[in-house]
Amino acid sequence: MKRSLFGRLWPNVTAVVLFIGFVFPVYWMFATALKPTGDIITEDPVWFPTDVTFEHFRTAVGVDHFWTYVTNSLVVTVCAVVLSLVVALVGSFALARMRFRGRRGFVIGFMLAQMAPWEVMIIAMYMIVRDASMLNSLVPLTAFYMMMILPFTILTLRGFVAAVPRDLEEAAMVDGCTRAQAFRRVILPLLAPGLMSTSLFGFVTAWNEFPLVLVVNKEAEAQTLPLWLSSFQTAFGDDWGATMAASSLFAVPILILFLFLQRKAVSGLTAGAVKG
Amino acid sequence: MKRKLVAAIGVAGMMVSIAACGGDDGDGGKAGADGYAGQTLTVWVMDGSSPDQWQKDVTAAFEKKTKAKVKFEIQQWNGIQQKLTTALSEENPPDVFEIGNTQTPAYAKTGGLAELADLKSSIGADWTESLNNASVYEGKQYAAPWYFASRVVVYNKKVWADAGIKELPKTRDEFYADLKQIGSKTKAEPIYLPGQNWYHFVGLVVGEGAELVKKDGDKYVSNLDDPKVTAAMETYKKFQALSKAPKDKDEATPQQSEVFAKGNVGAFIGMGWEAATAVKANPEIEKQIGYFTIPGATADKPEGVFLGGSNLAVAAGSKKQELAKEFLRIALSDQYEGELAKQNGVIPNKESLQTNLKGNAAAEAAAPAAAGGGTTPLIPEWAAVENAPNPIKTYMTAVLNGKTPAAAAKQVEDEFNKRLSQQQ
Amino acid sequence: MTVQTERPPSGPADVRKTAGAGAPGTPTPRAASRTGGFAPYLLLLPACAATVLLLGWPLLKDVLLSFQNLNMAQLIQHVTEWNGISNYQKVLTGEDFWRVTLRSILFTAVNVVLIMVVGTLVGLLLARLGKRMRITLMIGLVLAWAMPVVAATTVYQWLFAQRFGVVNWVLDRLGWHSMADYSWTSSQLSTFFVVTVLIVWMSIPFVAVNLYAATTTIPGELYEAAALDGAGVWKSFTTVTLPFLRPFLYATTFLEIIWVFKAFVQVFTINGGGPDRLTETLPVYAYIEGVGNQHYGMGAAIAVLTILILLGLTAHYLRIVLKQEEDEL
């Protein structure tokens, strides 16, 4: 089928416009962070940071306890994601592959759990943590973050598990594997994209959370990066260079993770599906 | 083991990871039998209210006397009530904390503050009566007055000289004219006055001889529709129009002193010590900073000011009551109370210490207005009004954005009254 | 990250279903082995235990708090003061709550419609593009998608800043000079505008990328068959693409409704629910009344009502899922 010049042109033009629209805020964040203040506060925007400076990054990193926040954020996020993957994988296997009384109830239960508006329950959560004498600790944070991402993870993985051809599993079982072995040797590798894509979601959610940590952990030693970023914004509200540098630092791990994993996750999903 | 159910592995993994995720758990250590050695006292102070040097000196004196350690934690005014309330309910609240004078009655009522009767009788005999009022609730002493301050005009001498202004303004009109002149003769912003510097607005209201609330039976209700309050708001609006500052932000977002520090602002209305923040942000600004009393309607009477102040309180839930009082005895001693007054230019809690203010330009500029200063009503109901979104701020922004004061007063009246009658 | 549908997100199961019952892929009794016994429950145990402990408990606590008079004093002194349904009475009889509810629903509707429509269009566009262009656009989408909410919100505040904000500059250059110093946080509508742009910007990539991925799984034969029947572009879209994507679209809409309705950080950070509390959505309202005003019992009551409303909004979809699960067994 031959398309007219216009027919070939407009999708590309639209794509370029969209690309700019989606990338610009991200670009502007980095650009602002790298420009000297004089180039930020100008009547006419300086579109490209010609005079690159790392001064704003130094301000952002120079805040007390910065590295504590980084460590805490990483520990909490990674633990929460890994935990929820393990718990969800096991559960999703049951939901996707087994028949048992009450299965439907479980599925609906997790869907409901997914809807929980955590921010409005902050005080209840705070009082539970307080009364359990677990304030200023990373343990309750990890546990709650794990729970925030668990329903999504379990429901998504269930889809991935179900999409793995049953015949494969059966073949493995015929070959003398136990069900657990079949799961580990045959299904698990096929689930890799699913695990990646759900862990991305989990990572982002846990990495971002701040209403809970704000009230639960008042001591800097147990605080995380989102608090640093939001307090930074109050303290340096007018210093957009430093604020953007802080935002960039906060965003970079996720951006890298996404660019790295997303392609695999999506292409894996696609490939798997096509093969099926 | 490997043949076990996957579930078992999952559970085991969960335990291991949780253990691995454990953070460190505070210092928990209680004092031994001998004195306070090994204990750490946590002290919350507000951002900018006490200079580093003062903290260092007090820490040294405290540690020398008690052998215990002290940890200062700097807090932001925004959201402080929410943080303080939850903190006071915890097992390990901050032992000593700074609390705004307008917020003290509410917290005294909650039972979160330890009674300090003995402290008052041992070191507080000559605390200035009017400054101590906010610390007393139902006849009992719940906090110790720490320092007081009122706002002044902090100005940039260079900008004013560039505009060709030789003499500092004595009246509100002269002040306005000077700012206008800066606007027309220089590239600087004449004044940085955000729309929600509500402490300054309270000052203007005090200057008009009005109050923000009035009594209706045994309840307090909004008095924003009072013509005197309207007049105060009109004054605010007139000056705010000279500023490019956002109409819906307060002086702390961004910190006005940091905007001023960039050297391109003629003046701002703030606490004397805010100049120190400006110098920290830009050391070169130091020699350009000057202060003067906020001019009133006539030359003989300066503008009304909000007598801001802070008290030091001890958490009722603190397990280190004695140590906390020990800290107060040192921090509020003539030596360190005097040092604070000197370094920050704030009014100390005793008249005898006011000599420390001599030679402090900011304090000298503030002094003439202090006599005519006032506060928001010192009632427990007031603290709720200051919670975000503060209806007074909403009122100000509404007027600045073009609403008539009467309409704006009407708009926030319900919210204001609701907060004043909020169940405690 | 991908979307969960009631059935596998794409491919095999769907194809099998459409292939009709009795086809080789249909679960045989043996394959769907009734593992009976405790195995499935055991496998679900960790997830359920976590849910009960970490979600059920706070939820229960929240419900309990909603029947209490819990303010500063009670919280500080750990006192429990039951006050029956008085919190609910106050919330439900005041007009604030209903206004906020209506606002929340409208806000959610506008955002979800925008996200779904634009997201679908972008997803279909991706399918149409050449490889190089597609990867380019994909990278752009993924970057926006990956921006953490807190950072994105900060960046949008800077883009829409009154002074030196790049948006105002562009509008001014385009000839709209009154926007040169415009304060986006000064009115209800403009605040919502910024929040909506932010949320839509952040959410479209999820829909678009996943939708694109799903379209690639549509068997080409279906299009060939449609073409043989003489179907045009539009016809093959409505007869092949759309039906194939329907479960996906349902599931995504459901997720977006939840996510937008719950959006807290974006609304709260951009303008704190201001000006004059005019942009408070239910979660923000619950937070401001509860935590902000230190009226914790009242906040809990609003939280409970918020959850009920969210349930109401998604009831339709939940019912569909319920039925589908039934069919599958």
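Brief remarks on what is shown
Each chain gets a letter, A, B and C, in the order it is written, and its residues are counted from 1.
Everything that follows uses one rule, which is that a contact is a pair of C-beta atoms (placed from the backbone, for glycine too) under 8 Å apart; a residue touches a chain by one contact, two chains touch by 3 or more.
Just so it is clear, the structure is predicted and the values come from calculations on it, not from any experiment.
By number of C-beta pairs in contact, A-C leads over the other of A-B and A-C. With centres computed as the average of Cα coordinates, no chain lies farther from subunit A than B.
Subunit A and subunit B have Cα centroids lying 38 Å from one another.
Centroids of subunit A and subunit C (each the mean of its C-alpha atoms) stand 15 Å apart. Multi-chain contact residues of subunit B (touching two or more other chains) are listed as 5-7, 10, 14, 82, 86, 89.
Multi-chain contact residues of subunit C (touching two or more other chains): 39, 43, 46, 163, 291. Counting partner chains per residue, subunit A has residues 86-87, 90, 93, 143, 215 touching two or more of them. Residues 72, 75-76, 79, 82-83, 86-87, 89-90, 93, 126, 130, 133, 135-139, 142-143, 178, 180, 183-184, 215, 218-219, 221-222, 231, 234-239 of subunit A are the ones touching subunit B in the complex.
Taken together, the subunit B residues at the contact with subunit A in this complex read 3-7, 9-10, 13-14, 17-18, 20-26, 76, 78, 82-83, 86-87, 89-92, 252-255, 258-259.
Those residues of subunit C that touch subunit B in the complex are listed here as 39, 42-43, 45-46, 69, 71-73, 75-78, 162-163, 181, 183, 185-186, 271-277, 288, 291-295. Taken in their complex, subunit C has these residues touching subunit A: 1-5, 7-13, 15, 27, 31-36, 39-41, 43-44, 46-48, 50-51, 54-55, 57-59, 61-62, 65, 122, 125, 128-130, 133-134, 136-137, 139-152, 154-159, 161, 163-164, 166, 169, 201, 204-205, 209-210, 213, 216-217, 258, 261-262, 264-265, 269, 282-283, 286-287, 290-291, 296, 299-300, 302-303, 306-307, 310-311, 314, 318, 321-322, 325-326, 329. Residue ranges on subunit A touching subunit C, taken from their complex, read 11-12, 14-15, 18-23, 25-26, 28-29, 32, 40-42, 44-45, 86-88, 90-91, 93-95, 98-100, 103-104, 106-125, 127-128, 143-144, 146-147, 150-152, 154-156, 158-160, 162-163, 165-166, 170, 179, 194, 197-198, 200-201, 204, 207-208, 210-211, 215, 226, 229-230, 233, 240, 243-244, 246-248, 250-251, 254-255, 257-259, 262, 265-266, 269-270, 272-274, 276.
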